[in-house]
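Written below as structure tokens is the structure these notes are about.
Labels run A, B, C and D following the written order; every chain starts at residue 1.
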């Protein structure tokens, strides 16, 4: 049987995570890199008939005037996170992929992100309605699909975090929300426009960022209507992953957490954008909410995310957990997590694309809740216990495999 | 319905953990302390009809000439781990319980532990056969039961870690093992003699230490034969608990662990005994074996346990986990755990007694594998994933409750 | 020779540090506590003829309606930082000292602190001019001196951190500043009024807080004019002490510091007051400025101080120092400091009183720069290298001793 | 004035530190690397007229059959500590320097090191007397000097740590020690033979390792006799540097240290050699002795050094310092140091060569005690306070400069 060709259409296609996904996929195709960090390469998913690394073609949207190669070189030089020799071998492929990347939209992305964009995009933003932006995005995706003879496309949002959208202002029905798209008062931000663009075309959408994306009920309705699937949001890569693993331990041992302090420092573009208090709000909310769900009560919490330039892509988190033991005795657990943010995120993005494509092929529609373990705030899933979330993924895989 | 009276017969009844169990139960009975750290007080176990704190009477064996109160005062003064005012209120009860404590046996406990014992016990050791020691222990337990009009007794081993026993020398059948009990060449150590003493009487036995206890097949056979139950071994309180929670995360995320270093420092009596390389061997083995099972491969590991007098009961662990991310990039997680060892262990001991008594009442026989989450090396359970072990406990509870 | 009687007049006399100073001095007098943490008890200062613990009498100002004993009990119960038995033995002395404590002034202390004060004091603030407040304070001090037949008084400011004063608005000459004291527009805050009150009476003044105190040139002029001495500001107890010790290492080894991040969490009253951004500004400035001086350049720095209630007096600091090694390689030092804030500060306060009294007796006038090692921002001393600052103290002691 | 040509003769010339010194000097000459980590590049030493990077020629002894380039590639690939592009540019120079490196001697270096050596050297060891080995080494050095027309040579020992030598067996007079050199019973190990070889030729000798080197009184006598200078031992790069900076803080603040635990893990060749308990003894002794000197008493200490392969050159140290504050309250400081060992050591080696050559030119003879700040166990210097040691270096520089 001929292999199916799969397109990955990335929003924020030249950011650190996207660049790592891209160089990573090229390296995996060429057999230059190990499988580490890819959940879908675990033995329990071997029988799923997932797309191979060689089946993927990459394209996407970007708002800045940079080259994919330059972005990767940052990760080599500043962060010492990717091997110089590896990148040298992948450069021709990166330059080719660069040509698949089109200008995105700045709708409600906030000042901090707008400042990073090209002048052309800023001018376009003043003129274009959300609907027009969606149409343009759809045309780009369709051209990508046709030109590359792709059997399927999956859209993934990896762009910088937007300021929070007031969800109360978003109409609950798709037909009402659709009407706002022609107006300058449309409450959505870019991430949701991309979601609509994909889902209207019946293309699956994955939101790896804390931005709103496909979360509104009206957009979830659209996904069902167009017979496609989606999931989000906010990839769970480091400190929050730790929380979703450690908090169940404190809960199961009946050790009340009095306070949980988490300080995050890092120096990549994401960090710069989060340096803006507006954008940071969206993120902190996403990192914090799971403790209450897992513990069943709300300890005092503090989450800080600060931009420290020298760290580059190295996200360092220090967490201080103050808990009460037997007879009320206070005890302390602290941890220090030192991981390169983009290299923690990239394999999860590849996993999500493979699993979403497989789910779509399997006929899954609407929210893909079995992907909860990948997200800080999995839409529609109240359970934040990581091991139990992972069991959901394994169960799904068993069912799909049984069906084959 | 009249409450059932339950006896807890503790081996090592004046050690730090036993002293904390004792003062803790007195305080809980009097309503002087919160429920923190007690797994059995979680809502999901509320319907199990477990024994109440007021139902328990404590007795046991000890090899040193100390008083329970003095042991508790150590935890107050040196470790600042228990409140002075609380202890003052519990003193009369402690003094009373002190009288329930009888001299134990030194059979094969190693030099380090023998040095701590009374002269009388050392002399007795030279004369007594294992069988005679067992008979003596059984007489003590039966006297305790009769005198206190107890409906049920549970025996718990909390004594210091013995040097490893060569398991190959222990006969596989109970009838063969029973014969060795009359000989000076009997390969068992004290922990197994206590196990035999309890199980022969049909009394449940819980081994909270890394010593061999009831693990040999022949002793497991005895438990079935006498229609009773048991479980072990080595309470999972701190660093190993963390391992059983963190290692599944690395496994599920396909992040290969290259090395896992764990340094433990503490200054209580347990630490002093473990300072002897022979006794330490038993412990280190128990702390280390779970990584291979969870990860499916064997990273380089290092576990050190060192006696640092100034720390008293405060077990401080520093773990350094070196793992590989996407594209082979090395990343680091370190954690620092600062908990008072006896106060982490004590509530688990109370939990184990309550659950074991309930299981016995329920008719469970042989190994109580559903207790796996409480142990570093749960006998008969290959799964070391803490959350999955905890699910075993919850399932058992649901089944028992359904049966009521 | 008869011992001289020395009074310690504490501003903020019922705060955590003051309470610890008080209970500590009582315990030292009674021989109930070791000398730990007292610099003046080191052998190199043994020949200085410093005042003995028994020579001191304590009084002071406070703005809240609390008792000294209750404050100490907080440190016993919540923070487990002081021994319950010790406090029980000191209670009668504490109750007696309580009576020496008078209401202070709220002049420009900011909303956060005002909210803690008694209604009477808030009303008084509306009526009283700074001059009137100073007069009242002076009367209180003089009454204390007379009543207790004291040979000498030293005033120490231990009150909560005030919002920053714009130093540009403070007249540079004492005669000009003195005129503003009759006006509601007087730019000074309470800490400077206390300084003026003391110095006008020829009484030495020590400012242990980051507030302005005696720092303005005009007040320094007053000290010289009244033939007395003073020093400040901001006691160097934990994280900043570490900085003044570690930064010289990076400087001497030519290892450029790229970024220095310091996160501080704690839960005492000081922490609550610093939770107000206005008051925090004064503190952060003081913690941060020394790096530039020691290193000779300005790395990116971040200092956070957050109120985490469960920690009580336990100030926990996590510092992350990112530095460049040979060939530009980035390396990392992190440290974690866990100390009880009041118990780190209290012995330094006693040291400062003993040394200031001795300096005054020696005829030292104006700024006591030899005390630099005790302060985060030593007035008039540009050198922040801790060891070199300590050498200044030792040299002074040698000179004073030689003179005897 | 024509520049003087200086030779650096390195013992252990292809080890990690030596390879970093070599690639570093090549890079500095070519202007490819910053000055970071070089103490001698600080402004206070600018007027000393030190040798320039371009003045140095490198040669030395090695016992293994490896190439300098391959050793550097390890640091690039495994440890990601040196830049691949930088090494590519330096390769021709490294290959040239490789030819200056001659086989060393295995006299009393212990089994662990012997196993790393070439067969030829092992055979030679069986035949050669210490005297013959010294003669051979001297011939090598002299050939190097002549061939490269060097004005001065400095010998530096960077070889792996030898097992401890029983110093009591080493004669105190040079004339007695000299006699043992002809015998198989000569108590010295290789490091001392190299020292004798250099000093007999009037060439300065620096011992950067914990091995004995030039420490024996008889060898110190030889240095004076031949009118030359020397210093050692054991470069102070990481954890011990931290101790010599932090311990003075605890001493000056009268905060008694109860225990100081230091765990070191790393995975380079040095680590492998130290994995042998014999060799480790020498090292641990050197890391531990300074605490007593600085503090004036001996807290419980623990120093572990363990070989963790995955870490490569990254030495990670975790130190736990348990100290007593006011009223006897226990407090905790922990730190985590993550530095590449070879890159911390290499610039200090270059500093020592520059300063030793300058001291020799200045007429300094015997022990160069002003270099104390560079060493864990500075011969002849009881003061381990880092800042005070650094002041010794600055004073020397001022005197030398004044003399010019």
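Here is the rule we go by: a contact is a pair of C-beta atoms (placed from the backbone, for glycine too) under 8 Å apart; a residue touches a chain by one contact, two chains touch by 3 or more.
In this text, all values refer to a predicted model and were calculated from it rather than measured experimentally.
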| item | value |
| --- | --- |
| Contact-graph distance - origin chain A, target chain C | 1 |
| Chains touching both chain A and chain B, listed by label | C, D |
| Between chain B and chain C, centroid-to-centroid distance (C-alpha), Å | 49 |
| Chain C and chain D: spacing of chain centres that average the CA atoms, whole Å | 45 |
| Sites on chain B at which at least two other chains make contact | 80, 83, 332, 334, 336, 338 |
| Interface residues, chain B side, partner chain C - complex | 80, 83-85, 336 |
| Complex contact set, residues of chain C against chain A | 80, 258-259, 261, 263, 265, 300, 302, 304, 306, 308-311, 316, 318, 320, 322, 330, 332, 334, 336, 338 |
| Contact set on chain A toward chain B in their complex | 20, 24, 27, 33-39, 41-42, 81-83, 86, 241-242, 245-246, 248-249, 252-256, 324-329, 331-340, 343-344, 346-347, 373, 385-388, 390 |
